[in-house]
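Chains here go by letter, A, B, C and D, matching the order in which they are written, and residues are numbered from 1 within each.
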Amino acid sequence: MEEVIIDYSQKPEVKNPILIEGLPGVGNVGKLAAEHLIDKLEAVKFADMYSKHFPPQVLVGDDGVVRLVNNEFHLAKAKNDATNDLIILVGDYQGMTPEGQYELAHKILELAQEFGVKKIFTLGGYGLGKMVKAPRVLGATTDQNLVEEMKNFGITFTKGEPGSGIVGASGLLLGLGKLVGIDSVCLMGETSGYFADPKAAQAVLEVLTSILHVTIDFKDLELKAKEIDQMTTRLKDLEESIMESQREDLNYFG
Amino acid sequence: MEEVIIDYSQKPEVKNPILIEGLPGVGNVGKLAAEHLIDKLEAVKFADMYSKHFPPQVLVGDDGVVRLVNNEFHLAKAKNDATNDLIILVGDYQGMTPEGQYELAHKILELAQEFGVKKIFTLGGYGLGKMVKAPRVLGATTDQNLVEEMKNFGITFTKGEPGSGIVGASGLLLGLGKLVGIDSVCLMGETSGYFADPKAAQAVLEVLTSILHVTIDFKDLELKAKEIDQMTTRLKDLEESIMESQREDLNYFG
Amino acid sequence: MEEVIIDYSQKPEVKNPILIEGLPGVGNVGKLAAEHLIDKLEAVKFADMYSKHFPPQVLVGDDGVVRLVNNEFHLAKAKNDATNDLIILVGDYQGMTPEGQYELAHKILELAQEFGVKKIFTLGGYGLGKMVKAPRVLGATTDQNLVEEMKNFGITFTKGEPGSGIVGASGLLLGLGKLVGIDSVCLMGETSGYFADPKAAQAVLEVLTSILHVTIDFKDLELKAKEIDQMTTRLKDLEESIMESQREDLNYFG
Amino acid sequence: MEEVIIDYSQKPEVKNPILIEGLPGVGNVGKLAAEHLIDKLEAVKFADMYSKHFPPQVLVGDDGVVRLVNNEFHLAKAKNDATNDLIILVGDYQGMTPEGQYELAHKILELAQEFGVKKIFTLGGYGLGKMVKAPRVLGATTDQNLVEEMKNFGITFTKGEPGSGIVGASGLLLGLGKLVGIDSVCLMGETSGYFADPKAAQAVLEVLTSILHVTIDFKDLELKAKEIDQMTTRLKDLEESIMESQREDLNYFG
């Protein structure tokens, strides 16, 4: 069978399209951001991507109907001030092997070229391994000019970050995209990486929407962030009360 | 060499065929059920499937003659009330890698399309990790209408079960089958998953034969189930007597 | 690059050829036996087989010249009573993955068919996990008639041995060979499996040469077997003297 | 996508080219040596090699611009006494799987043949697992005459070294190169293997430049070697002072 299958429900007309990728990864930042964008811009799915490089697995919906694990392309037509149609890529998994990652990124870029995509934004998380109060958004691009352009939107470019490079779809789309001449930017929201991180997703989206001249509300993400804040606060309180009681026990014997 | 080889001993004529898959998996429920069906319906093998995605292994029969590990297609012609010829797929192994799983499922569906198969039933176990007295049969389908149809046969569709989806051939045949337009149903018998489970296989077959208007007897499966019940009872008794004697020892020192 | 490369130094004329495979495996029985046969029959190498399914490695000779790891085909022309030319396959490695094993076996069979090979003998060890005084030779074949024929040469066919089938080249050549209609026999010498086992290799060769009407001397193998016997005896003596001295120490304190 | 992509920035004219490979490996000896050679001979990159057999990763430069992980071909035109143009291969990674290693070496040899390369030198380290004062350079070649030729340059050919052969690109280019008739030499600098080893790289380069009639200075490598010497000396001193203070503590209690 083919390495990767693109299954169109409809082949849409697009104008000045920009591709936005948000697949699962560190803190699920990219996925959360892209799904929020699809939701708020009422983007419409126009193609499924299946591949033997995904797990051999179906997911079962609440109605008992199965769906083969996949990646999906959604289209949000330009509205108001925006001048670019957006093709938004989300999905259940990234490729399971290095070769699979390359095959999938290669196919995504073929689709991008077919639709005349001139710019790609890949969204992801930058794992710090500790709690982050106000996540910065780090950037990497295919081009020096793009770096300067992106700095105007508050994106951080720091020497040596990320030190080990960018692994997976968010990196490969830039690397392979550069080879076929597509300007591309990776936006990485700082995150602990301990859980799905809506705060980092919002930070990434605030920058991205400003670049795209798009206005969306962030209430859902803010709500999710608040829930997680409360949860972590409760955990910290619990931890402290346990330590406190232990200290009292020690005093008792002291 | 080819990814997958279908080796026909004969290419049979089939009418209104339904494909039934029962390969090794959780509690070997699918395999036990499909093999019992082949046995009782006196289905006849018409093709072997070999693949480099199976282990590089031959099995040696009691007569000293080898057989390359494979999957097999058997045909049971419709009898009495039944209106569908049945193509029953059994075998030694599933594909050893994700890519192999996809290649094999793809080939099975090619064969299904060639024979005009309009519906697929995949049989499997749903592992609970604890003993099951009266196993339910859970279902998943490619289509909302099929869910409603299947509920009439006592199949359980519960929100969130199976939560992690269906992995392997039983899932892939539904997922890839849906893409080529073949209505498909997965039947999963509840099982501890600790051993080959004839009781779960019987539960699955009772539902399946009722759907197919087929009558078979279950004596062999019932016998196997009884043997396993006795074995587990003996194990439990042994366990209890050991615990009892330990308790007595403790009393002695008490 | 191609999956498997056959590099002929010369394409020989062969009459009634039989293929004999002896690649590394349990107790290196097959490899020892096939190399001894090449040596004693003064077989001449006529082709190398290279593959990306072998390790990415060269071996360095004592003269400083490298050799890419490979498998080799040698030809021993029929002499005296023998009526079959022998194509003998030996090598450094078997394929490193299941897919690789299949690709290599497939290519070997293509070569066998090209040369008109009518029968294949694969040589291997049957690991018992304990020392063996007089190793039996177990057999498995592609055909019931062959089983009967082989029994005349003292080959053992026992129900349930080997229970888990035959894994690797020695099995696959039978399994895939059967599909293309080549009669094949696997000869397995019983071995502890703890070290390269010349005694098991000799047992296999005694049977094989008798089948082939070939006479060779076994001095080299007998010598190697004696060395290993002495080594294991010395180890056992050492072990016993240590245990003895420990017992005396205990008496001293007793 | 293709297994391996060669992306030329320019297709250079070359005269009597020799290919020199220095990819990551034991003690990074080959990579250090080849990069030093590129630097000192002011070699110019003329092609990038990308592959799905490398990790799915981009590296981010200090300027925020990404680069897909790759291997690179550089050209140093012959100067002064030298009669050979040099094609120097360096890179971030070797292939991640055995199959990938073969595919990459195969492609490199295709390029070598296209440019009429008549000789290949592969550079690497020979790990000893202990500190080396004056590293020897061990050799291996595709040809007995080459061994004699190389001995004149002080290269060591010792029976049984390296005992396990040569694994990876440095070995495969010789092994596969031999099959297509390219004379090839592997030069291995002795190294502890504990860290990137500039001293071993210098030893390899001293031999290589003498063979190629090329003169370069080694100041940078000598400096790096001195730094590492100082670091290891400091570590040893620290270790000894700790042991000394422990001995004094023991005396105190003594």
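Going forward, a contact is a pair of C-beta atoms (placed from the backbone, for glycine too) under 8 Å apart; a residue touches a chain by one contact, two chains touch by 3 or more.
These figures come from a predicted structure and were not determined experimentally.
Of all chains in the assembly, those touching chain B and also chain D are A, C. At the chain A-chain B interface, residue numbers used by both copies make up under half of all numbers present, so the two copies contact each other through mostly different positions.
Ranked by distance of CA centroids from chain A, the top chain is C. Taking each chain's centre as the average of its CA atoms, chain A and chain C sit 55 Å apart. One simple way to say how far apart two chains are is to compare their mean CA positions; for chain B and chain C this gives 39 Å.
Along chain D, no residue makes contact with two or more other chains. In terms of inter-chain touching, the protein chains here make up one closed cycle, each touching precisely two others.
All chain pairs that touch, listed by label, are A-B, A-D, B-C, C-D. For chain D in complex with chain A, the touching residues are 1, 5, 7, 50, 52-60, 62-69, 96. The touching residues of chain D, counted against chain C in their complex, run 95, 98-99, 101-103, 105-106, 139-144, 147, 157, 159-162, 165-169, 171-172, 174-176, 178-179, 186.
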